[in-house]
Amino acid sequence: MFFASDNAGPVHPQVMDRLNNANDGYAMPYGADPIMDEVREAIRNLFEAPEAAVYLVATGTAANSLALACYAPAYSTVFCTQVAHIHEDECNAPEFYSAGAKLTLVPGTDKMTPEALRKTIEGEEVRGVHGPQRGPVSITQVTERGSVYTLDELSALTAVAKDYKLPVHLDGARFANAMMALGCTPAEMTWKAGVDVVSFGGTKNGCMGVEAVVLFDPKKAWEFELRRKRGAHLFSKHRYLSAQMAGYLADDLWMKTAAMANRNCARLAEGLQAKGASFLHQPQANMIFATLPRSAHRRLHDAGATNYIWEGSLEGDDPDEHLAMRLVCDWSITPDDIDTFVSHI
Amino acid sequence: MFFASDNAGPVHPQVMDRLNNANDGYAMPYGADPIMDEVREAIRNLFEAPEAAVYLVATGTAANSLALACYAPAYSTVFCTQVAHIHEDECNAPEFYSAGAKLTLVPGTDKMTPEALRKTIEGEEVRGVHGPQRGPVSITQVTERGSVYTLDELSALTAVAKDYKLPVHLDGARFANAMMALGCTPAEMTWKAGVDVVSFGGTKNGCMGVEAVVLFDPKKAWEFELRRKRGAHLFSKHRYLSAQMAGYLADDLWMKTAAMANRNCARLAEGLQAKGASFLHQPQANMIFATLPRSAHRRLHDAGATNYIWEGSLEGDDPDEHLAMRLVCDWSITPDDIDTFVSHI
Amino acid sequence: MFFASDNAGPVHPQVMDRLNNANDGYAMPYGADPIMDEVREAIRNLFEAPEAAVYLVATGTAANSLALACYAPAYSTVFCTQVAHIHEDECNAPEFYSAGAKLTLVPGTDKMTPEALRKTIEGEEVRGVHGPQRGPVSITQVTERGSVYTLDELSALTAVAKDYKLPVHLDGARFANAMMALGCTPAEMTWKAGVDVVSFGGTKNGCMGVEAVVLFDPKKAWEFELRRKRGAHLFSKHRYLSAQMAGYLADDLWMKTAAMANRNCARLAEGLQAKGASFLHQPQANMIFATLPRSAHRRLHDAGATNYIWEGSLEGDDPDEHLAMRLVCDWSITPDDIDTFVSHI
Amino acid sequence: MFFASDNAGPVHPQVMDRLNNANDGYAMPYGADPIMDEVREAIRNLFEAPEAAVYLVATGTAANSLALACYAPAYSTVFCTQVAHIHEDECNAPEFYSAGAKLTLVPGTDKMTPEALRKTIEGEEVRGVHGPQRGPVSITQVTERGSVYTLDELSALTAVAKDYKLPVHLDGARFANAMMALGCTPAEMTWKAGVDVVSFGGTKNGCMGVEAVVLFDPKKAWEFELRRKRGAHLFSKHRYLSAQMAGYLADDLWMKTAAMANRNCARLAEGLQAKGASFLHQPQANMIFATLPRSAHRRLHDAGATNYIWEGSLEGDDPDEHLAMRLVCDWSITPDDIDTFVSHI
């Protein structure tokens, strides 16, 4: 009953197989392996972007920070939400990789709205050389609170960015989960919606540790390569990143695992609802933010469930007080796990 | 009728004299000039801090950024208000000098409150290595909106910082104005109130371009020196920084010019009040935020007054609409200027 | 016949098995996996350093840069050879991670000598605040040209460093190859010889992508953790780094693969010598720098051998001109490969 | 008898006068003062570069570091000599401002030769993404050892840079001294000779603390402005930088003071030669590197002369041992000083 995160589950067997199969003989290092050629081609096809620059790194923070650094000069500021992973969970990596750019927080509790974004952008750089310059807008899809922007919502945000000629980064650590929730194509959720660069996540959705960065403007390619190397994120035995991604893409595995994760989440949400849980908002992808009474939390805890108490504490006198929890499902969660979990509430 | 800022007036004659007097013969460069020995001694005496490390730089941004960099590791965050100069007006200099530390904004419109500070600190670093570590608290005295923290207010803020073992930086670009408003000593407004490092401003109060950084912990001295040199802020002909500061300190000139600026401001506030202006808050030092009808603004503008319209625009149909303005007085403003200004309202 | 590098061969089956075995169920992320506990313990035991801080990263450049950053302030300079990997092959990563420290090159062609090191250190920082401050000494073992420092040579270098109170970093990308060449213990080649922090390589010696950083001073632990996270080198699914290292350490595999690589190299050197090749110096570990006539290079190339021509070019009129080559063996090279290679000369 | 440096003498009265005259009324801050308009125009005229971007900063290190940062990406390397000020005397400021670029040292003892430059450039970046990319070439004129490149020598160096499409920076801390030695125009010594950006020194030649940065490509202007502000080098009371430069340029003062300094140096060299001193090379501008017996050094020291012993020490048994000294003259040195100095040898 592991619902703490989607970064703790096993690698999908198909990815593991591909890794094992790749482990034969010699392959040119540093991205010159033939599997990477295959991966690059596959991702360009997927995104209907034959010119896109495609690179692999091993962590989501590297994907985000390197992508942003190509678009955020040191004297600029990145626009993101108050709960963005790049703001809260990367220990200043975006600031590090951009040599000291700022992050300007767009008010709001989860999804960024075009109005809030516009107002925030307007609030910056009205002072010439004195304040930071307006830099990229970074959007997270699936959001950190489990919401999914519709294509229209995405386009509305990028339209604001374009009004100010600002580039747009999409943190797609859970790209596949969002796409399956929307039922759209990768192109529709990225460049067709105005996105310039996307972190296309693999780790949370069945891989071991691999994320693709897709830059739709190939003129950024060489800068990205240099930044990746300088950041110590270029793997010598790169074929093992390539192989993960190749296994992940083959036979649409990435869509299948995302669909599984989303289905798991829906089943869990249904069970929670039946037990009277209340939701921060209706779960759309593979994350749930819901509240349960402390007594229910305690039963779950005692039964061995692993998940984060988001607000409040198991310690406390009142058994009826509602505590918020975050529940995340990856592809590997079984219906049995879910049903057992629900049964303990 | 120049009320746009206190960074545009002339150098006080006494400072200029000292500069001219210093311009004789040869002096060892890079801070080894004898006038610097005199200045160091004078500042240590003023602050009742015989061990303090004292350094001069030429800009307030350099003073703030270098001071903060000694206390804010790259993986930390600095706590300041939303309108702090270090946040809004230094083009990411604090981020640059700290190699990418973050600035966490304490909500509020001007003065920081202990409650807001505590809540903001509590909100950071509850995620171990994932979020930035809590770093220094930076307080501006006089604030960017012209308020002056009382000694009790300062101590209440530093007490919160100390609860979390966080160092405290005081941005004292208008240190003297605040001190004269409070009627206290330099020591009372700094280390006795829990401040670890202060930017002691000279430029806005009668100098040409000089700020002292006073580090009450002398163990930081060598690091500061190296950071200053590496930041290209160590002057070869340093005696001309020393001479400014020496002239500024002699015969308590710095207190006199601050008192003059504050008196000018009070006279101006009185005049404005008589004319029906409304104030953001009661002016305490040398800055006023007040509103006047557009028609009055236009008359002032036509009469050649120089000041910032803070909110709104001279252009506009309604002559009665109130527009906010910022008015700053330095020591050099004359009663005549003020009275003429008021007469145009 | 792949002799281009030891970064292009397969992962050893025992490491792969451990990876596959680790791929079961859920494991706490970000280094909190139980396999990491096992690895930490094993490395502390190996190094006879029960207090050492032990961390895993995925690339050698990350290991070096993060380790150095903990010891090299931005206003300091790192001492290394002209051919050090940190200087030539990391695209300014050490400069990046240290926020702009310099690398001062100790003259010489391969091994650093105590005399050259001392002279170079003496040449730096005789100018107070003006030049960079003396920072860590970084030694590569096995060197970039395939030499192995004896324990006495290592101690002589670290003694010079200690004379100036400078910390010592050991780039051990080929740590195991050196150790097997010397027949010593990990402790003897590190802290007993005066090393403060070591990059303990796995990738080139049978792993997929994992390096341990061992800091013998545990007071540096938390700083390292923060730098690793900020550098985007903390893996969420960390167990797969742990599992690689666990498989690598089990049953002394790491020593066995290194011994295999060294034996392969010795066999190759013998074959080359019999064919009249001349050596830059006598191969000691798993790298050979040797010269052959252009005609021999061409035959090898036509036969499908993969290796670097170090100086000169296959193109050229004179078939007898000698061209330098670099040959590297990892554990996976077979005697047959070697003999075939030699037969083509 | 002050010959230690040209950074310790007084400000020329004409510059001081202009400073005093500028000290009247109010002037728009941050470079918007009318004197700056005058200075910009004057420098563009001087350099026959009507489009050039012209900015003022207060230190030579700021001028060099900011100029280089506009041309040296973080993943590049700057080519300079082993004794370049940017390498030896700026405490890693160029590395800081460029976010970690490297400095690659062109071998040689003083002047850079085209052959050495070409060979050094060739030695860098033959490894794609692994090594740093080739960045700007930085040339110092007058060199750190007092030599002056002829126009042909300059052009030969920049021609090498252009062969590799590398930009060229000229560190002109002693620009005027070189120009007077050559008898050429500012344009001839800069853009006509292939220079892209120049640090045009004022401090060492009669100013208090001001250097102009002239970027011949105006497309770099805004980036420079942002970098200057972010580096805390934009002065609020900017008119006092402008006034220094205006006073310095008026009536060709800058050429006169340089000519005076050079003449002083020639007189000193003549005197030294008559006393049997031997020279590192024939003095051309305002610096002398010469050797004298220890006994002569002692006599000078006892007579109160201030200068650097470059190699060796006053302490020592042998009165006849020759010690190298550096002697620098600024405009303010008097013939009497020089003659007295020589008389003590």
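Odds and ends about this structure:
A, B, C and D are the chain letters, set down in written order, and residue numbers restart from 1 in every chain.
Following the convention adopted for this analysis, a residue touches a chain if its C-beta (ideal position, glycine included) is under 8 Å from a C-beta of that chain, and two chains touch if they have at least 3 such contacts.
Here the structure is a predicted model, which means the values were calculated and not measured.
Listed by label, the chains that touch chain C and also chain D are A, B. Chain pairs A-B and A-D differ in how many C-beta pairs are in contact, and the one with more is A-B.
At the far end from chain B, in terms of centres built from Cα atoms, lies C.
Separation between the centroids of chain A and chain D, computed from CA atoms only, is 51 Å. In this assembly, the C-alpha centroid of chain A lies 34 Å from the C-alpha centroid of chain C. Mean C-alpha position of chain A lies 42 Å from that of chain B.
Each of residues 74-75, 90-92, 96, 99-100, 129-130, 226, 229-230, 234 in chain B touches at least two other chains.
Interface residues of chain B facing chain C in the complex, by the touch rule stated above, are 30, 73-75, 99-100, 129-130, 133, 223, 225-230, 234.
Across the complex, chain B meets chain A through its residues 74-77, 88-92, 95-96, 98-103, 105, 127, 129-132. The residues of chain D lying in touch with chain B in their complex are 2, 4-5, 7-11, 16, 19-20, 23-29, 57-62, 65-66, 90-93, 96-97, 203-204, 208-209, 226, 229-237, 240, 306.
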